[in-house]
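So that we are looking at the same thing, I have put the structure below in structure tokens.
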Amino acid sequence: MLQLKGIIPPMITPLKNSDRLDREGLANLIEHMIRGGVHGIFILGTNGEAPSLSRSLKKELVRTAGKQIKQRVPFLVGISDTSLSVSLDMADNAKENGADAVVVTPPYYYPLDQKEVYEYYAALASKLPLPFFIYNIPSHTKIHLSIETVRKIKDLGALGIKDSSGDLFYFYALMDALKEAPDFSFITGTELFLPETVMNGGHGAVAGGANVFPQLFVSLYEASVKKDLDSISILRKNMLDLYNSLYRVGKHPSRITAGIKCALSVMGICDDYMAPPLQKLTGDERSQVELIIKNITLNPGAGS
Amino acid sequence: MLQLKGIIPPMITPLKNSDRLDREGLANLIEHMIRGGVHGIFILGTNGEAPSLSRSLKKELVRTAGKQIKQRVPFLVGISDTSLSVSLDMADNAKENGADAVVVTPPYYYPLDQKEVYEYYAALASKLPLPFFIYNIPSHTKIHLSIETVRKIKDLGALGIKDSSGDLFYFYALMDALKEAPDFSFITGTELFLPETVMNGGHGAVAGGANVFPQLFVSLYEASVKKDLDSISILRKNMLDLYNSLYRVGKHPSRITAGIKCALSVMGICDDYMAPPLQKLTGDERSQVELIIKNITLNPGAGS
Amino acid sequence: MLQLKGIIPPMITPLKNSDRLDREGLANLIEHMIRGGVHGIFILGTNGEAPSLSRSLKKELVRTAGKQIKQRVPFLVGISDTSLSVSLDMADNAKENGADAVVVTPPYYYPLDQKEVYEYYAALASKLPLPFFIYNIPSHTKIHLSIETVRKIKDLGALGIKDSSGDLFYFYALMDALKEAPDFSFITGTELFLPETVMNGGHGAVAGGANVFPQLFVSLYEASVKKDLDSISILRKNMLDLYNSLYRVGKHPSRITAGIKCALSVMGICDDYMAPPLQKLTGDERSQVELIIKNITLNPGAGS
Amino acid sequence: MLQLKGIIPPMITPLKNSDRLDREGLANLIEHMIRGGVHGIFILGTNGEAPSLSRSLKKELVRTAGKQIKQRVPFLVGISDTSLSVSLDMADNAKENGADAVVVTPPYYYPLDQKEVYEYYAALASKLPLPFFIYNIPSHTKIHLSIETVRKIKDLGALGIKDSSGDLFYFYALMDALKEAPDFSFITGTELFLPETVMNGGHGAVAGGANVFPQLFVSLYEASVKKDLDSISILRKNMLDLYNSLYRVGKHPSRITAGIKCALSVMGICDDYMAPPLQKLTGDERSQVELIIKNITLNPGAGS
């Protein structure tokens, strides 16, 4: 059984425009991340702009990425949607293209109670052709999965949870509550909490920054596994530098994703087009990113 | 130019199951509403479970409903989605099938600021084949359109706004702020506020209850236009009875829609299946609805 | 038994500084409001800056205001506090100084559930020397009194409720739920909803603007009682002008209260000092208020 | 200059009833905590029910606690109030009774913006007779102090911040932003985050559980200072046991404080009366606490 651990970047989706993949950029990006030592790749999540893309484009992405990854690392595909039948169709497509597992949030339009959410997962799980991960991201779905609901969804066969609540108190409580399930993966979606997660029973991070600096996050993961506090302290400082520079450019709520895409473009890896409603960085903002990337490259610590 | 007014039911979608329309029920329901005097029909909104349905099913619904309505009343189609290209495809389909206008919320996954929302509408408006209505429903989209944003979207050519914020203070302020635009329609999505809306410069209501009791809402609209306070008082009491009975059955956040679907099923008009994640009323809850409908029928006031 | 109705201004507190009343301004203001025809005066509410004042200053205000009002109109005193024993002490003082009733919010520091809130009112009611009004203002107390809780507090002997939730849907539902209690007063704290309140079974408004323009609000109340829609329409327009001018000066969340105090100062009625943490309007903002007041005076409609 | 660090229990207030201290219990409790090795004592905070108590009772508590503590550990007094003049009076009283510093939240009734909050602290700081700590607890005050506001209040002379936001992401960002100020104390109000705080540049915890089990928290603090991960892991497990037992008894939002008071009563240390609006545990809930305390005593790990 697949047990996820380590650094799994939530891959941004390289786009030429709203209807066209940047296929060359996609290949570059996948190679960049694998070369950086990542332990898996997760496409079509929040960073991947999945909700903004048409289904045909998403399927093309799954197919192309699957061919590029070629089973070298676990391949996870987001199938979250507001429609169960659309999610199932995306899951079938993921399976056909070599995905190891799918990742799924609760449906995100209607306000739902925990019972409805559980039953949604139950209906889904009974028809999925692949194992699945739970994805908790209340800032986007409006629904915070209770510990009891996660436990029940785990019993439906979930392999683990990616928690992007940003609420470490909840995540600790969740790990404590489900500690009797040794094969269940606890993956934080808040990269800043990677050491806390790994040193307290969790398994890794879906780290957006690992699109750009995979080695930094892989090193931090390894230091966390070894409980090497000195290395953690240094690498953590490098990570905080990202929060104080790259992640702070731009003025929209999605500026972290935009900064990551812009950095990849500056580094020549892929295009930085963003599909509506999100917007890429331009003008002065791009110039700031250029400067940031240049300085980080001169200072090999951060990119190492 | 289409100026919307009066009672426009947000039609529930009659379903056999998640992938199949109840076509006979759909015909029944449309005839029931038109016979009741409604001033338009709005399909594929929140009550219509649009986010839960596959695109092919939605297109089939548009086609079938358009044929049934046959231009007898204005025909509005919801095209809200998280993807601009999907919304545009749905808009083209709406036009092909005789829709008079489309209705569109902001995209509802990413947290967005007002500028991003405006630019999304701008990108959409430039490519829409039909006039559009703004749909404000922050409880579902997480985004409350500011008065300034509504003004700017109006200037993109919007025909009006359907406001389901439930915040009458905001709606009054909005009507006051845009009062210089006599052709812009202000439609409340909170049916309880129909008289307030119509007597203070607004034009009508997207009233979920008008699926079941179209005449009640049409009468209340007409009394509001005439400022006939005595009739308003009586009809309003009938409406409040719905809040105290039909709308209170069930225990999930979507219970009003479920109650409406159940009532239509009890009345023999259409099936009451609900697509995941929503759930239809069953067992005791259905029995309660049966009793409510029976009592209302015995008391012709409410259904009149 | 006191049944409150009509216009009850939530009196601002005229202050020389944080520790000293503007006694002359207080007398002026009370006379200004009574001359304007108000149906009661409510001191030490949210507009009255009660939470910002020391207990001795509040007692001095009660004593001085009581002497000035001299039973000419019902006299209500806010006793809200986070401490039950402080509230009871303030209630005793209110009684000694001729108050007709006290007004009380839930305690506003701890997050509380409905049961705790109810039991707080029960403990309070059993010891109060005067009848009391419930004051619902969730934006400040963090607690929204449920309809069921209001019903139970009513049964403890409450004379009525002042609802400042701004949620007319809730207020309508509340009036509908408690309509069997003909002596219970429903008073809106959202002055814009005065006509809606009075025409749908409610009794009046605690209208901040009535500090400045008591006649405007009294006229609107009277027109609402008579259901004189033409007058309502005209007077409502005058009220909306306040929202678009006086209430919009300043940039802090408390700008409406600051605008009211500033207007009274510009009109020569009382000082406009505000106790920390609130801040009075100064400089350009005061100049804007001067212009607004001058224009309103030239246009006798608004101040009538 | 006082630099706070280590374990500073937010002392519960032993009460006979709403108007009377449990003076013997107070002495017992202070000795219990000092014997347990705490590095300071903070009275009249949220756990101390300060907002529920009359000012005279609070002053009596300060006087009595000061005499008992006798400078053996730093003595901190909460002076938070909605009124600046009341806070200043409490600060004077704290100084007279030997307090080392005061602790103050923003005023908690009016919604305030960051500028108003800063200016409130500025007005306060200029008149305080003692050094002060900032207390951030948005769940109770409705106000989340921004990093920029904290920086500016630090420059007014604040000794440090107690952060009870529960948001470790914010707290890490705050510590990173102010890392150039080596004397500023970062104290978490979320006891679960004690190791994270101390190992990432912070100084200690205001730990409610240290009222009952001071040694447990002191040991965890010392292990965190030494970065002794094995001990941290064991002690942390003991702390999580509290979350899964003592902190889970009761059904109101204040159940953690109620559980702590009940445990102290069960242990014979002090009375467990709670002032309105909070309620003590009784009946079955008390029996559960008795069992929990008995089991913990049998298992010396937790109480050590």
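A, B, C and D are the chain letters, set down in written order, and residue numbers restart from 1 in every chain.
Just so we're on the same page, contacts are C-beta pairs under 8 Å (C-beta built on N, C-alpha and C of every residue); 3 or more make two chains touch, one makes a residue touch a chain.
Worth saying up front: this structure is predicted, and the values here are computed from it rather than measured.
Asker: Chains touching chain A and chain B alike, please list them.
Answerer: Expected: no chain.
Asker: Taking each chain's centre as the mean of its C-alpha atoms, give the chain farthest from chain D.
Answerer: Farthest chain from chain D, going by C-alpha centroids: B.
Asker: Please tell me the distance, in whole Å, between the geometric centres of chain C and chain D computed from their C-alpha atoms.
Answerer: Each chain reduced to its C-alpha mean, chain C and chain D end up 36 Å apart.
Asker: Please compute the C-alpha centroid of chain A, do the same for chain C, then give the distance between them in whole Å.
Answerer: 51
Asker: Two-or-more-chain contact residues of chain D, please, as numbers and ranges.
Answerer: Counting only residues that touch two or more other chains, chain D contributes none.
Asker: Give the pairs of chains that touch; include all such pairs.
Answerer: All chain pairs meeting the touch criterion are A-B, A-D, B-C, C-D.
Asker: Along chain A, where are the residues that touch chain B in the complex?
Answerer: Those residues of chain A that touch chain B are 18-19, 46, 51-55, 82-86, 89, 106-113, 115-117, 119-120, 123, 139-142, 251-254, 275-279.
Asker: For chain D, which residues count as touching chain A in their complex?
Answerer: Residues of chain D touching chain A: 166-169, 172-173, 176, 190, 192-193, 196, 199-200, 227, 229, 236, 240, 243-244.
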